[in-house]
Structures are given as C-alpha cells and as structure tokens.
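Some notes on the structure that comes next.
When the chains are written out, they are named A, B, C and D in that same order, and each has its own residue count from 1.
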C-alpha cells in the first residue's frame, strides 16, 4: 500500500485529535453534570476517552499512523531518523501543527455541543511535583508501550493496548494522565471537568517530554537497540 | 458463500434491530429503576447497549451485513451503487422497512418485559441546536468508521469498533448519540429513560442524515475515492 | 486433536460450572455488601460474572466444549444427533449431571468464602409472566448466538460473544438473565443477592426451555437448515 | 527469536511488576479519595489493575514471559524442569528477586505520586480462614488458566484471559484476590486502600502457594500430563 499523501495524513491527524479531544472534554462535562459521585464521574470520563482513543487509532493508523500526540510523532521521527520509514523533520512539524489545531477545534466542538462558549480558559490549577512525576510516568510508559510492541512485532495490538494503558494510568497516577501535549493545550481551552489552567500547561508538557525520553531509554534497555527485523505491522504506526 | 436470500436478510435486519432496541430501551428502564445516581444510570444503559450492538453485528453480519440502521444501509447503497456489491434501491427499501418494524417490535418487547404498555409515546422533549450538532457528529463518525475500516481492509473489526464509538459518543456528545433513525423511532414508543418525544424525532433524523452525508465526504477526504481493491472482509458488511 | 475422555470432559464441565456459579454468587454477595447503590451492585455482579464466563469458556472449550449449561448441551445433542460430532444421549446425561453438581458445589464455595452456611435456600421470589418472557428471550438469543456463530464459521468468537450477550441481557431484560437451568439451581442454594426461591425455579427453567427451542428455530430461519460445511472452529464447542 | 539475556529479562520482570504494583496501589488511593461508594471504589481499583495487567503482559511477554508473580515463575520452573524450555533454579531465584524488588519500588512510586511517604506499613488486618480459602481459589485458577491455555495452544490469549480472571476473582472471592506473593509484599508497604498488614502477609502467601499447587494438579486432571506438542505461542510465556 502506498503511503497516503502528506495533506491527507495531516487531515487524519487533525480529525483524529479533534474527535479525541471532543470526546475527552465532552464526556467530562456530561459525567460531571450527571453524577454526584466523584468516582463515577471520573470512571465515565476515562471510559469514554479510552474507547474513542482505541477506535480512532484503529480507524486512522492506516492513513497517518494515528499518533494524535506530538511526543509520539517526535519519537517516530527520532527512532526512525536513519531508517527512512518514519517522519522527516518537516513532516514532524506538520504533524504537530495538525495535532494542535485538531485539539483546539475539538475543544471548541465539545464546548459547542454542550452549550458553552466556543473557547474559554480553564481555571483549574494543576501544579505540583507529584503531578509532574505522574505525567512523566504516564507518558514514559506510553512511549515504551508503542515502541516495545513494534519491536516485538505486535504493533497491531496498539489500538487496544494504548487505550488500556491510558485507562490504567488515569486511575493509577495522580495527574489524570494527560500524557499528550496537544490534548493538554486542548484541555486548557474548556473551563470544565477535564480543564487545566494555562499557567499549569508548560510544566505539564515539560514533564511529558522528560517522560517520553525516559520511555525511549527504557525501550533500548528492555528491547535492545538493534533492529534486526522490521515487523510488517510496524508500517501502519510508523507511517510508511 | 452465497448471498442469503432477501427474505432471510430482511428477517436478520428485523430480528437484530428488534433485539438492539429491546436491550437499549430495557436497560434504560432497569438502570433508572435500580440506581439513584444519574451517571450510573447512563453508564449501565450505554454499556448494555454497546454490548448488544457488538454481539448482534458479529452474529448477523454474515447474513444481512448487520446494518440495523437505515443510514448505514443507505450509505452502502450509495457507495456501492456502481460496483454491484451493495444494495439495490429496492433492497434498500426492504432493509429500511425491516429495521423500522424491528425497532417498533423491540420497543414493544422491552415495554412488555418490564410490565409497561406494549407501545406508548415518550414525553421527553429533545429539541435544541446543540443536540442536533451532537447527532450529526455521532452519526458522521459512525459512517466514517464503517466505511473507513472497509477501505483499509479492517472490516472485521466493525463489531467492536462500531460499539466502541457509540459508547464513546454517548458520553462525549450531548444528545445521547442516537445516530440511527430506526432506533430513534423505537425510542419514541417507550415513555421511559431512553425516550424521545415524537415531535423531536424529525429534526433528530434530519441531523443524522446531514451527519451521514458529512461522514461519507470525510471518507473520501481521508481514504480517497478510488477502490483499488475490495478487501475480503468487506463482503460481510456490504451484503454480497 | 483427540476428543478428551468422557471423565475428563465431565470434570471440565463440573469445574467450569462450579467456578462460574461461585463468581456469580460471590460477586453478588460482595457487591451488595460494598455498595449502597442498586445500579452499582448489579453492575459489579454482572461484570464479574461475564468476565468469568468468557475466561472459563476460553479455557475449557478445548476439553469439553465449555457448555456449563444443560440447554446448550441439549441443543448440541439435538442439532448434531445425525452428524456424530456432538453428544450422545448418554453423554448428555453426564454433562447435565456434572453441570448440576458443579453449580451446587460452586454455590457452596461462594457461601463458604463469604462466611455463610455451606448451602442455604434463597427466599427471593421471582415469579411473574414478564420475568418468564425475559428468561425465554435471554435464553433464546444465547442459543441463537452459539449456533449462529458456528454456522457462520465464527465459533472462535464464542467466549467473548456469549459473555457480551449475557452482559447485555442482564440489563436489557427484567429477570436477571439466568438463562441456564444449572445456575438457576445453584442460585437457589444461597440466600443472597443473586438468589431465587426454590419455588420459583421450575417456571424459570421451563421458560428457559421454551426460549431455547425458539432460539433453535431462529437459527434455522436466519442461517438455514443445511450444513454445507463444518467450520474448523466448531469442533471445540461441539465437543468432537 | 533468541531468548533475551538474563539481565534484560530480570529488568523486564522488575519494571513490569513495579508498574503493576504502582497502578494497583495508586488506583486504590485515587478511587478511595474520589468516591463515597464502596462499590465504585473497588470497581475502579479492579478495573485499573486488570487493564495494567493485560497491557504489561502483552508488552513484556516477548522479553521475560511477563510472569510478575513468583508463583507463576515457580510453576514454569516446575512444569518445564525436564524440557529445558522454562527457567533453571538459578533463573527462578533471579526472577523472584526482581519481582519482589519491583513490587517494593512500585509501592514507593505510587506513594510518591500521591504525596505519601515513600514506604510505610499498612495497618489493615486480613486474617481469617475464609480469606485464605479465597486466596487459594484465586491463585489456583490463575495457575490453571495460564498452563491450561498453554496446553490447548491458546497461550496468546493469556494477557486478556489472565486479566479477565483477576477481574472476576476480585469480585467473586472475599480476599481481594491478591494471588501473587510479590504484590502482597508491595501492598504491605502502602498504608492505603489496597494495603495488608505485614502480620497478615505470611498466611496469605502460604494460601497462595497451596492454591498454586492445587492449580497444577487441576491442569493435570483436565489437560493431561503428556506434552505431545509444544504450541508455538507457548514460547513467549515459558521464556524460551
């Protein structure tokens, strides 16, 4: 199968990230409105988000790799920079722009579907060392998971495995497991259940970057550096 | 495998849509009776409905394509009108009639199982612009999903992917993600948790139609118009 | 692979039915003790039961077919009585006895694990026409599902599909979807959340039998009577 | 594929067990903080834990077998002691040490992510005969499941089947289904929702050992002793 054209791949990243952000933010608004119990609210929000994540990866991986996350795209660029099967730096720039644009549009879509202003700033502070540790852990394991599955030839499991990890990490860590700079920006644009104050965003993103680097190091430790074989199912996630 | 006869296919559409409507409406009645928490009620209703959806698609796709939804059948007719592998206009009429009949019968079955009048009209108004937007989004992504999976050769994932999307959309959109004109009619015939007042039905169905058209346009944007290959697993969903 | 010996198959049916009954009854006891919300109680009870059902079918289907249900075994005997790939009448008797024994033992195990008397009689009346209708529907679709998947060559999906249907039916019908005479007997022997008074058992079982017969009729309507091919994956569920 | 080096395999066991312990303990802390309902608390804790379990087995089975449990490693050593495809006694010692170290580190990580002391002793007594019976049942079925799936050539189902069983057993038994000596030690080091007082640990571990032995006996009864074939998918779980 030919690699789809770059505009088509960027459209897929934008659409996918937008729908993911819309479900993530919208389900937070709805669950907070429906339930009086904090556990039920979070459970519904997490469940809806991971279902959307799994479905959108399964749908769009054949088009763009279904990264929906600047750190996944950056890791694809980094790990495949010599193999020619990943992203070029210019393509990486396009992916990140499409993901950010999609996240903003998705926040606006969620706000509109729930009769809120199209975009608004969240007032929810999320700023503390233990939260940054949690973001690093959630992001690091996400990267370990994606590239570990690829190395082991199980890339086809990525839709459910990535969704499964995010579901586990949302509960198992203290930060809400954003684990994605684009979605972090999108969340800052809805003053609702899943929000994060703009002032808390930079440190969250920095923690995610540190975690992603640690995740790539763990891939090397656990799966080795050599790339003796390129599994067939790696092609979808690695783009081409 | 030979395509099953049209009467058998129509029976499968009627039985499948009836069981889907019965579980959707029945689980709404039961969860509203059992739980005092609005989040728990909706969670149980959504979970039961998507389980039934996945199981019934898996069971009946080899017989009729397991559309259970006039807009899916219409989209199959439209996209395959030149290939001869989808539905003819006459078959489409039969499918839609069977689905509507099934949805009505399913509402009656649910009402009977929970000791309510066989059919009754819902009094629940659902009429507002943001709800129509939500219906269009939920239906559009449903169509994008079904035909995108087919184009990518992953049609066999449809049972779980379709169910997964509906589960995500129920929480992530504001309208309840009916996304199906037949089930919308069925819901109007039970004055219970999942109901919709008959007067709210036409605008809901119109929004679903607009969303379905947008979804087909997105399929062309993201997956292209050409049909270089007809994946083997497309045959079940496309009927023949 | 050779068909396992009859004693081994009966041991598998007894062990599987016992574990299924233990989880079903035990999770009812625990969820009723932990939660104050009726929806949460039932959700946890249903979730645990369907997880156990899926896992035990996956584990034991290669040994005995993993019926765990006298009506499934009876339907295997009936549908395969001329093909020689199902159960003989004598084997059917053994299967039903093993399932009943397992259900009683599982009730005793659950009672013991939760510090209750080994066996006790439930006082919970479940006796009304709408409940019997619900039992017939739940059982009929179960039978349609098992034999429909086999006819379509998707027997390997049985563990998750059967569990998915039971999960949907527990919420979508009014009776609790026992759908299994052996488990109905087991439930009568614990005076706890999942219980049924002994006096309510015969009518429940009769409704299940009627539903199973209707389910077999639906298999013929939707999938035809002919057996042009015997799918490979049918062998595990059909025993040999 | 070559068997990874022992240090790499031990690193995988330590990392996997640490992440599993962190999610198990962390999700308990978070669900207890968020929800006022005992059923919801346990449901979220169980759901997060089994998602992590499934994902980590899928990720790390190709490296180390993904045992994360001294009793699974011991059973691999025992059942394969003559075939040369399992663990040597020395390797078993390394596996158990890595798992214990990982569980302690994971408890510390969870405590730190939720702003608690790095390590602390739990004060929660869990000591009674019916709890020990429950631990033996949960562990015994776990062992039966892993080795039964291997015998039947379905080892590739282990990630979801093991997670499914633990999810069922958490609700269906009375002890919380620790079913793992390493995680039992890790739980003792956080004075939070999932904790166990150090004084209750030895009897829990003993019950788990008894259950594991019974599970191996059941494997022989239900699946036979002979090893006529070594399924391909057994290699990942058995290490080499």
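What we mean here is this: a residue touches a chain if its C-beta (ideal position, glycine included) is under 8 Å from a C-beta of that chain, and two chains touch if they have at least 3 such contacts.
Each chain and its UniProt protein: A, B, C, D = Glycerol uptake facilitator-like aquaporin.
As the structure is a prediction and not an experimental result, all values here were calculated from the model.
Fitting chain C to chain D on C-alpha positions gives a rotation angle of 90 degrees, to the nearest 5. A separation of 29 Å divides the Cα centre of chain B from that of chain C.
Chain centres here are Cα averages; for chain B and chain D they lie 40 Å apart.
Among the residues of chain C, those touching two or more other chains are numbered 37, 40-41, 43.
Judged by the touch criterion defined above, the protein chains form a single closed ring in which each chain touches exactly two others. Contact between chains, per the stated criterion, is found for A-B, A-D, B-C, C-D. Interface residues of chain D facing chain A in the complex, by the touch rule stated above, are 4, 8, 11-12, 15, 19, 22-24, 26-27, 30-31, 33-37, 40-41, 43-45, 47-49, 51-52, 54-55, 58-60, 62-63, 109-110, 112-115.
Of all residues in chain D, only 37-43, 128, 130, 133-134, 137, 141, 144-145, 148-149, 152-154, 157, 161, 164-165, 167-175, 218, 221-224 touch chain C in the complex they form.
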